[in-house]
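To start, the structure itself, in structure tokens.
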Amino acid sequence: MKKAGYLKKQKEKEFIAALGAKARVYAPCLEDEAVLFKPVEPDSVICLSRPAVSSPKSAIYPQSETLFSFRFKKDSEDPRRTLVELDDTIAVPDTIIFGARPCDARGIAVIDRAFSKTETPDPYYLARRAKTTIVTLTCPEPSTGCFCTRVGCGPAETSDSDVMMTELEDGYLMEALTSKGEALLESPILEDGTAYEAQAKEAQKAAHERMIKEAGEADTTPVDPETFHSQVFWEKAAERCLGCGACTYLCPTCYCFNITDEQVVDKGERIRSWDACMFHHFTLEASGHNPRAQKALRLKNRIGHKFVYYGEKYDGIIACSGCGRCIRGCPVSMEISTIAAALKKNSGTVSGEQ
Amino acid sequence: MIEQEYAYYSGCSLEGTASSYDRSIRLILKALGVTLREPDDWSCCGSTPAHAMDHLLAGALAARNLAIVERMETATLTTPCPACLSAFKKAHARATEDRAFKDEVNQLLDIPYEGGVKAKSTLQVIYEDVGLEAVASKVTTVLPDLKAACYYGCILSRPPRLAAFDDPENPISMDRLLAACGVEVCDFAFKTECCGAAFGVPKKEMVLRLTHKVLTMVEDCGANCVVVACPLCQQNLDLRQAQVNRAMGSSFSIPILYFSEVLGLAFGYTPEELGLDKHIVSTDALIRSRRSKEAEETVSTVKEKVKKSAAQGTAGKSGNAPGPEDTASATKEA
Amino acid sequence: MNLEKLKEIVRTVLPSVDVVIGYKKGLDALHPVPCFLTSPDEIDALVLNPACMHNLAAYLPSLKNRAAVVVKGCDSRTVVQLAQEGLIKRENVVVIGVPCQGAVSVRKVLSAIDHQPVIEASFENDTVVIKTKKGEARLALRDVAPDKCLACRYPTPVVADHLAGEEVEPKIDEKTAYQEIREFDARSLEERRAYWMAEFDRCIRCYACRNACPLCVCRESCIAETRDPHWMSQKATQNEKMMFHMIHAIHLAGRCTECGECERACPMGIPVARLKKKINMEMKELFGYEPGISMDDKPPMYTFKVEEEKIEEHKIR
Amino acid sequence: MRVGVFICHCGNNIAGTVDVARAAEETAKLPHVVYSTHYMYTCSEPGQDEIKQAIKRENLDRVVVAACSPRMHELTFRRTVEKAGLNRYFFEMANIREHVSWIGEDKDLNTNKAIEAVRMAVEKVVRDKPLYSSSFKVNKRVLVIGAGVAGMQSALDCAEGGLDVVLVEKSPAIGGMMARLDKTFPTIDCSICILGPKMVDVAQHEKISLHAYSEIEEIKGYVGNYQVKVRKKTPYVDWAKCTGCGECMEKCPTKNAYDRFNFGVAPTRAINIPFPQAIPKKATIDAKFCRQIQKGKCGVCAKVCPAKAINFELQDQFVTEEVGAIIVASGYGLIDQELLPEYGGGRYPDVITGIQYERLLNASGPTSGHILRPSDKTEPKSIVFVSCAGSRDKSIGIPYCSNFCCMYIAKQAILTKDHIPDSQSFVFYMDIRAPGKGYDEFTRRAQEDYGVKYIRGRVSRIYPKGKKMIVQGADTLLGAKVEVEADLVVLATAATAAPGAAALAEKLHISYDTHGFYVESHPKLRPVETNTAGVYLAGAAQGPKDIPSSVGQGSAAAAKVLALFSRDMLESDPAIARVNQNACVGCLKCAKTCPFQAIKDEVLRGGKVVANVIETVCAGCGVCTSTCPCGAIQLQHFTDNQLLAEVNSLCLS
Amino acid sequence: MSVVEGKELRIVGFLCNWCSYGGADTAGVSRFKQPTDLRIIRVPCSGRVDPLFVVKALISGADGVLVSGCHPRDCHYSDGNFYARRRLEMLKRFLPFVGIDARRFHYTWVSASEGQRWQQTVTDFTSLIHELGPAPLLPQNKTLPKEARA
């Protein structure tokens, strides 16, 4: 049994406000020209018409978070003895991600595995994840750089979301995919959506076809090991790369982090913050040695992680949702899609580079 | 640099006892191509009685006039009267350095003073802005009989920080101006000695003593007239000469001229135009033998006089060792 | 911009260098990308149009060997500045200059076409023609040129061993060059503060601005990331974001050649180039210095005069 | 880490306005601090012992002392912790006296401020690294600048101590001011008679090489290894040939040259030997007055010179001397009496300065010791001395006392009576300052035995009346105006810094006060040292001084140099810049900005270029550290992280 | 326990060891009373003062920053303060652009003998900072969930 509701466009704001009363709502908001996932505030302008620059992952996995704060205290009897006070309470608000795209939802699914399917599940992440509901919007149009269908995702992919919303003339059909989703659809603002389901199916199908036309069918050919390990290949591929972290920080599936302690006199915090494998510092060792000293090796790791290593760990799943953000956001338009495709041929060069 | 136009504050004395100062100033500045614009509705500068009673009032009175001038195009104010001048300069300094005072004063005024007016004595304007050369070039008449003692009085160049003009103890501007007009200037030691004018009423006998001392020194240095830049000095030395003679048994008959009058004569104006007839001690004998020279000759003699005075730094002083340059350099070498 | 002439030059230059850095087609016509030519048969892939925004001189310091580089007016200043600071050897670089009528800002184009996916783009002398599924849009170059071009005083490269095209006269004089900054200066302190707080708030510290900057030579050693010295933490707070941008701006004092790459590279569209331009304006006023103009200038922060004509001692009030 | 904090009462100096007990209690709570206490006089021996014992007892590895200024006692305590086995750089000082207790009145605020000062110091000390100084060779030659009595004393003492001395004097003859004095107080013995032999010693000492008529052009280097460029001004006379016979002076047709030695009391010749006892006794041409040099016609001296020593073509020459230490004895100057127009000095020939009067008194002076007034060469019967002519006068920017005027006026008044028994001297004075051995007795003798009339009051104006000068002033004891008719007036003009003192200081990198006198590194305890290692002060260059004190300082400075040179090697300050080769990107901006050219580039294996600091040349200013964009070059003991820790402890906690 | 509420504001001073730190000592020795707000960080030379220290202090919540070195030409290291002058002037002109009141940052020259000048400087600057009041804090980052805010 699937519950469906219908949200009239003119009621969109009202609905989001209602959600906001229950939980912290993350939605794509307009900031001058850029569309960014941010906590919705009364003055926010929500923009669903094009994919956001950034992914919604920060809602569950913030750019930086305090794991715990600490304070050194002296034993009042004996100043030689130092006591440490720890505070690791995590206040987790209910969170709704509104207007994600299927590729965003896929991204979160990718991160989920990393933080849960391990011998040391991450309490901070999981606590937030448990309290998060994802409302995903069917992608009407492929955007520059989109290639989700090639990596087995799609503009109407429902598997990673709680609610699927599909745009129709004057409203959205909202289909609950999980019990979380159903709870969210419990709202007087919504009309019954059953009448619109057929229409929505159509829209979803059309969207899917458009994307196939644009990006092609899922490509399941395995990566060619020889090419993958060719130094030449990566040097050529990385030639113009600037080595910044735009791709990783915009990516919905990247989850690498760094942990640092920040202390001033007697107080301090342990910080966990995003890190990027494209940075030199990422693998810099205390000795000063760096196993990935050249950007070619760093690029190999980034793409290798998405198309090889992750799959090796989690039964063949590709850790890329084809959202194309890294392509659109890259100062030198590095194309992960092209490189990935080239990896599969036994060419040793990046196709399209000639 | 000569500034074409100045705001001209004559002040109360020049309306009355010192009218000839006012006349002569206007004449010579006209001749020197300087325009004087009188501020509308100017009032007391606050120098004398107010100054003694209430400094805020005195400041406000001065500031009122400054505020008026500030609203005229020309930024520089000139006044012949040293008393007015120091009243203005004091008010300006306090207004710009002490905000509390400025606010207090401005509360009393209908138009506030922002602190944008530069005040100069008319003597300074002629000496610095117009310049010796320009003055010399206007000279048409020589005054062979004049042996001048330049008397600057107590406040023209003091206090140094405020006056910021000439040497506080040994001023030389008038000496040079006169020299530039071909007048013989004597080395007068009491240039800035007090004549007592301010105490004319309460302490008469003291004033007579001081005045006598000044006049004696005038004779001692071989001068036959005193040239001044201050209406009070002029009035005091001129008006009281008879009293001094009576009280001290002296027999002075020393004409007391404004420097502007002497310049006026040198520029060829008549004593009547300049208002010399207003003087108590007659100036006739002094100027009887003045005669015009052919421009050619005059200019040449004046030129070298200018050079001479410029070179010496001060008119007529002895050159024996240790000469001034020597001692000057002495310490520089030391 | 004359592509044929350029190809010709590259053909003659290529034998004498190890690599020629130019542009080739990227994911779409609006996104040409830097390319590194080593063999003649790659030459035909070269493109040259107003969308060629990248400052290719940025790659020079990391190159060991002899290279030729295609530079616009603004980029050429980078070459000069790098040489001036001894970060490249002028004799190791063959400069191929392209006089420039002004580039296009992808950001401005997209907003002009309401962020529709671009199907096709072509350039006629002073217009850009964009095809989207909503139809064709003809945009005047002027309207979609990045701010740096609107204030450009060096459309013709200041150094060039070869010139691909006719010299272009600057349309801007010295005063108007900093107009934008002066107008911003005129805003109230609070406005300026609020403005930057909002802008910095978007920063994700991906360091694209830094890595795209041809004069950020610290690379791996950038103090925004090191622990020793430990100038800042990895917290994503306003303080840290602001601190980072202050570091970038101040380290570029008297060095920024205003190529605008930092701003273009920023995925969040933060106008970071302004910070450097403001300092440049002050450098010009204080020391009459403009970065990247003459090979034998000395960057003002690394020298001094015993008597500084323009620096007066400050009063507390 | 185990930090010990020691808070000093400094008697009541600190404890008076800072709650030291509370401070100790609060700072004990700081991380790393395992011991915090307060003590009456931490710098005293028991105080230092307390620190040493605590280090042992509590096994401390870092020490913070909160007391006076580190400029006062940092070194003291560094030695203390070193004696207790710690590296001397594991120590920080919090200045809670000069910067807290002495300037703030509110005890709570002061105490809080003191606690924060300690907190900062702790934050820094835990980031201190052990530093070890390397040693370098000392060049045991000493440069003495100025050959007045102070300079000569230093030169002689150093030479006697076995050092090679380079003595530089800017005028053609050595002897300085003292050579111009007639007699000296309070003993009235002849100045040149006691100075002359010293001058000869200087000239003849085989360890002293003298550059007369020379000036310092440029100074490079650091303590132990200075390179000094000396400009030998051209006398237009080949001194190697000149025998000092004086023929040239006889025949020189220019008779109105300014006599620098005699302060223009009388004119001299364009070519001259300053005075009979002059050393070196060589002729010098004053180009300003020489007809040959100015107009190109004359050359009489060249014709008459038996030694053919005259050479109008001679140019300035430069020699570079390498020395290990420098003694600055550049002396003092006198104000231009035209600064005092009310006294008419410069305008009236019969108003002269004290030093000019010395020359009139002096047997080898222009009047052969006869006191004749300049105007008419007659013997003055009534002489007025005006003391503090410029001294202690804020209005001309000289608030200080010139130290020796009271005494030389008394001396000159006494000598006047000896020369002209029927003369009467008057002295206008503010106070009589005679705080030396036998000084006060001397001024009394002037009054009691020689009938000098002392009038307590200032002179307001001096003006001529006929042949006389009228001195108009106040007698503040009588509370009346007084006028004295004088034949001659002598102004005790204020002593100032020597002309060019500031320029010289800049070459030496030593500081000078607002009046141009050189600043010693501590007014009480380091009176002849400067803040620049290896540079010492002697004589009036540091402040007006009389002969005994100048000589004393001359010897003191010499002693300092001898002590410095008693070691063959000197320890370098290890607080210098150090390069992290991993972080360095080789842009060498540091090298471009280093004021000492102490940074060179170095190519590592694999071709990476990095900056490299030359230890002995680096002076530790840290300009490189603030220049380096990537923090790769760090000034030790003042690293970015240390300063940031201080900033953070103030702003973020 | 940093600023004393209502009584003090946070003013950070960077003083060169040879001149200004000595000047502050001289002021102390002469018992020239001064406001207590200023905290002094001792550096060898004003040339050591990286403009970024000033920025760091201001961003971290300092209400005022004062840098003082040897008078030009009188630097113990001959040139240090010449560099400082250029860099600090650049900073002073830049700060207002990002909305930081330039009056909160003052740089000047005080020699070891100028105790009085030091007293004047500290007194004037402190009173100015009190007039300006506490520096506005930077707003905390909006895009971060509460618990991650520093």
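Order of writing sets the labels: A, B, C, D and E. Residues in every chain begin at 1.
We take it that contacts are C-beta pairs under 8 Å (C-beta built on N, C-alpha and C of every residue); 3 or more make two chains touch, one makes a residue touch a chain.
Remember, it's a predicted structure, so these values are computed and weren't measured experimentally.
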> So which chains are sitting against chain B and chain C at once?
Replying inline: D
> Based on CA centres, what chain would you say lies at the far end from chain B?
Replying inline: A
> In terms of CA centres, which chain lies closest to the overall middle?
Replying inline: E
>> Give me the two chains with the most inter-chain contact pairs.
In response: D-E
> What is the distance in Å between the mean C-alpha positions of chain A and chain D?
Replying inline: 72
> So what's the Cα centroid distance for chain D and chain E, whole Å?
Replying inline: 31
>> As a quick test, compute the distance in whole Å between the mean CA positions of chain C and chain E.
In response: 34
> How many angstrom lie between the CA centroids of chain C and chain D, rounded to a whole number?
Replying inline: 55
>> Could you pull out the residues of chain B that touch at least 2 other chains?
In response: none
> Among the residues of chain A, which are close enough to touch at least two other chains?
Replying inline: 36, 62-64, 262, 271
> Residue numbers in chain D touching 2 or more other chains?
Replying inline: 582, 593, 627, 640, 644, 648, 652-653
>> Which stretch or stretches of chain A touch chain C in the complex?
In response: 31-34, 36, 49-50, 53-54, 62-64, 141-145, 239-240, 242-246, 248-250, 258, 260, 262, 271, 273-274, 276, 279-281, 284, 327, 329, 331-333, 335, 354
> Given the complex with chain D, which residues does chain E contribute to the contact?
Replying inline: 1-2, 4, 7-8, 10, 12, 17-19, 21-22, 24-25, 27-29, 31-36, 39-45, 47-51, 53, 56-57, 60-62, 70, 73-80, 83, 87, 111-114, 119
> Which chain A residues qualify as touching chain D in the complex?
Replying inline: 72-74, 79-80, 82, 264-267, 288
> Which of the residues in chain D end up touching chain B in this complex?
Replying inline: 258, 260, 263-267, 333-338, 340-342, 344-349, 352-353, 355-356, 374-375, 395, 461, 463-466, 493, 498-499
> Can you list the residues on chain D that touch chain C in the complex?
Replying inline: 580, 582-585, 587-589, 592-593, 627, 629-632, 634, 639-641, 644
